[in-house]
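Can you read through this structure? Questions will come right after.
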Amino acid sequence: MDAITIKDLDIWFGAGPTRVLAVKGADITVAAGESYGLVGESGSGKSTILRALTGLVPTWSGEMTLGGQQMVPAKRRDRSFYKRVQMVFQDPYASLHPRQSVDQVLSETLYLHGMDNINTRVEKLLSDVGLGPKFRFRYPHQLSGGQRQRVAIARALAGEPDILLLDEPTSALDVSVQAEILNLLTDLRAERGLTYLMVSHDLAVIAHMCDRLAVMRAGETVEVLSAEDLRASRANHPYTQALMANSAGTTGTPQPLESETSQTLMPAANSV
Amino acid sequence: MTDATWKDWLLSDAPRSRGQARLAGLYQGWLKLSRNWMAMVGLGILVVLVMVAMFAPLLAPHDPFAQDLLLRLKPIGFEDHLLGTDSLGRDILSRLIYGSRITLYIVALVTLIAPVVGLLVGTVAGYLGGFVDATLMRITDVFLAFPRLVLALAFVAALGAGIENAVLAISLTAWPPYARMARAETLTIRNSDFIAAIRLQGAGPLRILVKHIWPLCLSSLIVRITLDMAGIILAAAGLGFLGLGAQPPSPEWGAMISEGRRFILDHWWVATLPGLAIFTVSLAFNLLGDGLRDVLDPKDGGSQ
Amino acid sequence: MTLLSVKDLRVSFPTRQGRFEAVRGVSFDLGRERLGIVGESGSGKSMTGRAILRLIRKPAEVTASHINFDGRNLLDCSEREMRRIRGSQISMVMQDPKFSLNPVMTVGQQIVESYRMHNRASLKEARAKALEMLNAVSIREPERVMDTYPHEVSGGMGQRIMIAMMLVANPRLLIADEPTSALDVSVQRQVLSIMDGLVQQRGMGLIFISHDLNLVSEFCDRVLIMYAGRVVETCAADQLHNARHPYTQGLLNSLPRLDQPRRHLDVLTRDVAWAEEVL
């Protein structure tokens, strides 16, 4: 069974003359238990897809099915949906309420999901993400970036979801911390049989975490390929090849990407 | 526990209970505030004011309403009238002491009404947006379009003179700035990731407003109220002075100035002393407000 | 020839728990070469760059045996002299062009102004110079870009404009603090190779501060690795992958690699001794 199916998905912002089409006709199928990656540069619409999947962006059209349930645009998702689908945000410095302790964040989330034994569950969640009980009553400003991201992951896991959407979960972190968080995510997926849909600009991170990936540019999926294909440089689309040349750490003249040279002036570049 | 271990317990980076975490936050705020000596002066004056109001019957040497026409308009230090007497021979010091109760009453009532209304209107407008926002904000604009005292005058004229009505009128004219401020803050908070995160847990608008947005608006609101308090006391005194606030023989400070103004050239103290009292309390609120801003303003970073 | 010599540089801040030392005794010499400074957040790498230009404000405190630039100790210079040195002798490119370009002036005005601040030149000459610089950073249609405002250009172009502005006065040392971390990967290398080309062609010194080991090894001659305010290792950039210090090795191994799939990434185990040992 497929965990996530997207067909011909358009997502836009604004209305009338200022309407901007951020995603054009995206097609993605993620099997249950799979880890799927979305790669692209800023403005490619990859994060927007995640926000539409969770209902944070209601302005979309097309077909969207999560865990067998058909979504309707602009309709509020119910709690049972959020119990199955959760998201981890990019910046752990912005995704935790500055005045709430770890305990408050997790207890409230558990309460909202209708869990019992909240006290024991909070401690269990903390140990699941590798934080000891001593972190329980700290405020975000008393935590490092990696610790904050662990709290954010714990929050996403509180409702025991099947599908986890990961929006560049490590791009705001140092590389050594990134390794810790990626390992944590790998283990959590293995333990809980989670389905991941992960967004990143870093091909190496996506290739490490995901089985398959879609490359996005300017709101369109350019190419879908497996991580093996990527490693073996079997990318067909020139954009994917250019991305690889630029990110693999290989020396040599970097090829300037079309997106930069053709859009010397930014405004209205991707409006319709 | 000894002092040192208490301090360690409060400053611990790894609190072990909800209570400790909360107390530690408060204590750190207090440490920051107590470094600002101006704010401490302001706080000191206000503490004295509260004490005076509480123990007025014990502190006042005379009955504030007892008239003695033989002893009218006596100067400062006359016999046992430390600050002299007014035109009806009432002891000015006693009247000032009892007047502090009225001042605190005004302050408390206005703080209970204006910021609460402002917070409600502002955050609801900011969070819901659209039609609700437009409607609420246009109403706010209508209130903002009038000078505060003039609007308060109109309200009092309609409601009738008296201290409660004066407070009500002041509150009704004081909330729009709070609403604007709360709305502006809500607009920035609403789009942040942590609000998106709690929405993804299935939280409804009411919970988000009350538990997630209000606590963040509160600190700047507190600062603003403290800074506005001087203006509110002055407005109340102004209404009193115009005869629309507290009614004689109530020892309200503004009304006392009003009574004393007829003798201001020959018997300056009758009007000046209540004026000094108003000035001191207003100043104290301003000093404290400045200090609180340093501690609470999230834009300054640091304490949370 | 030594362009810049830093000896025992220390930066400290007062905190409630006493003074916190963000930089603890950094020393290095720089010739007409490209020096990379790598480290994680909090390692003191940015502080080092800012301390050289004396851009660190109170209550932080900067001390050093000397910071000699071109035979002068920058620590002895008055604030006025420093202002003359900044821009004309030493320039700095910061992380995000969005915050370092003035939003209410056109790109052209800003480059012209920064040229005229350090050179006596007529408006016309300065404008010609600005156009030449925009050309040098591979901006097509420089005439048109001159009249645009910063918000109208993309991130990569903004950073190239920043570089043009910083190099227009022909400084002898460029400090680039994470110049490309706000940019997309595809643009990063393009911007860096432009910067690199200009630096080499003019025989300038370059200090390139970054958290990205790959970028630094690609665009520098020599690399300092910083940890907890200290330099833990210095090595030739092309030898970075043979680095000896466990911290450097740990950093390299914690990166996911396309050519080496594995289930778990190596996690850096920090050794308290790294922060204390002296090279």
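Per-chain numbering from 1; labels A, B and C assigned in written order.
The definition used in the following text is that a contact is a pair of C-beta atoms (placed from the backbone, for glycine too) under 8 Å apart; a residue touches a chain by one contact, two chains touch by 3 or more.
Labels paired with UniProt names: A = Glutathione import ATP-binding protein GsiA; B = ABC transporter permease subunit; C = ATP-binding cassette domain-containing protein.
In this text the structure is predicted, and so the values were computed from the model without any measurement.
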Problem - Overall pattern in which the protein chains touch one another (line/ring/star/complete/other) - result: line
Exercise for the section: Considering only C-beta pairs in contact, identify the chain pair with the most of them. Expected result: A-C
Problem - Chain separated most widely from chain A, comparing mean CA positions - result: B
Fill in the blank from the handout: chain B and chain C have mean C-alpha positions lying a whole-number Å distance apart equal to 50
Practice task
Can you check how far apart chain A and chain B are, centre to centre, with Cα atoms defining each centre and the answer in Å?
Solution key: 47
Practice task
Report, in whole Å, the distance between the mean C-alpha point of chain A and the mean C-alpha point of chain C.
Solution key: 31
Fill in the blank from the handout: Multi-chain contacts in chain B, i.e. residues touching at least two other chains, fall at none
Handout entry: In the complex, chain C residues that touch chain A
Key = 40-41, 139-141, 144-145, 148, 152-157, 184-190, 193, 211, 213-214, 218, 250-251, 254-259, 261-268
Fill in the blank from the handout: In the complex, the residues of chain A that touch chain C are 41-42, 145, 174-180, 182-183, 186, 201-205, 207-209, 227, 230-231, 242-244, 246-249, 251, 253-254, 256-257, 259-260, 263-267
Fill in the blank from the handout: The residues of chain A that touch chain B in their complex are 51, 54, 56, 77-79, 81-83, 86-87, 89-91, 94-99, 101, 103, 108-109, 112-113, 134-135, 137-142, 152, 155, 158-159
Completion exercise
Per the touch rule above, chain B residues touching chain A in the complex are 13-18, 20-21, 25, 192-194, 196-203, 211-212, 215-216, 298, 304
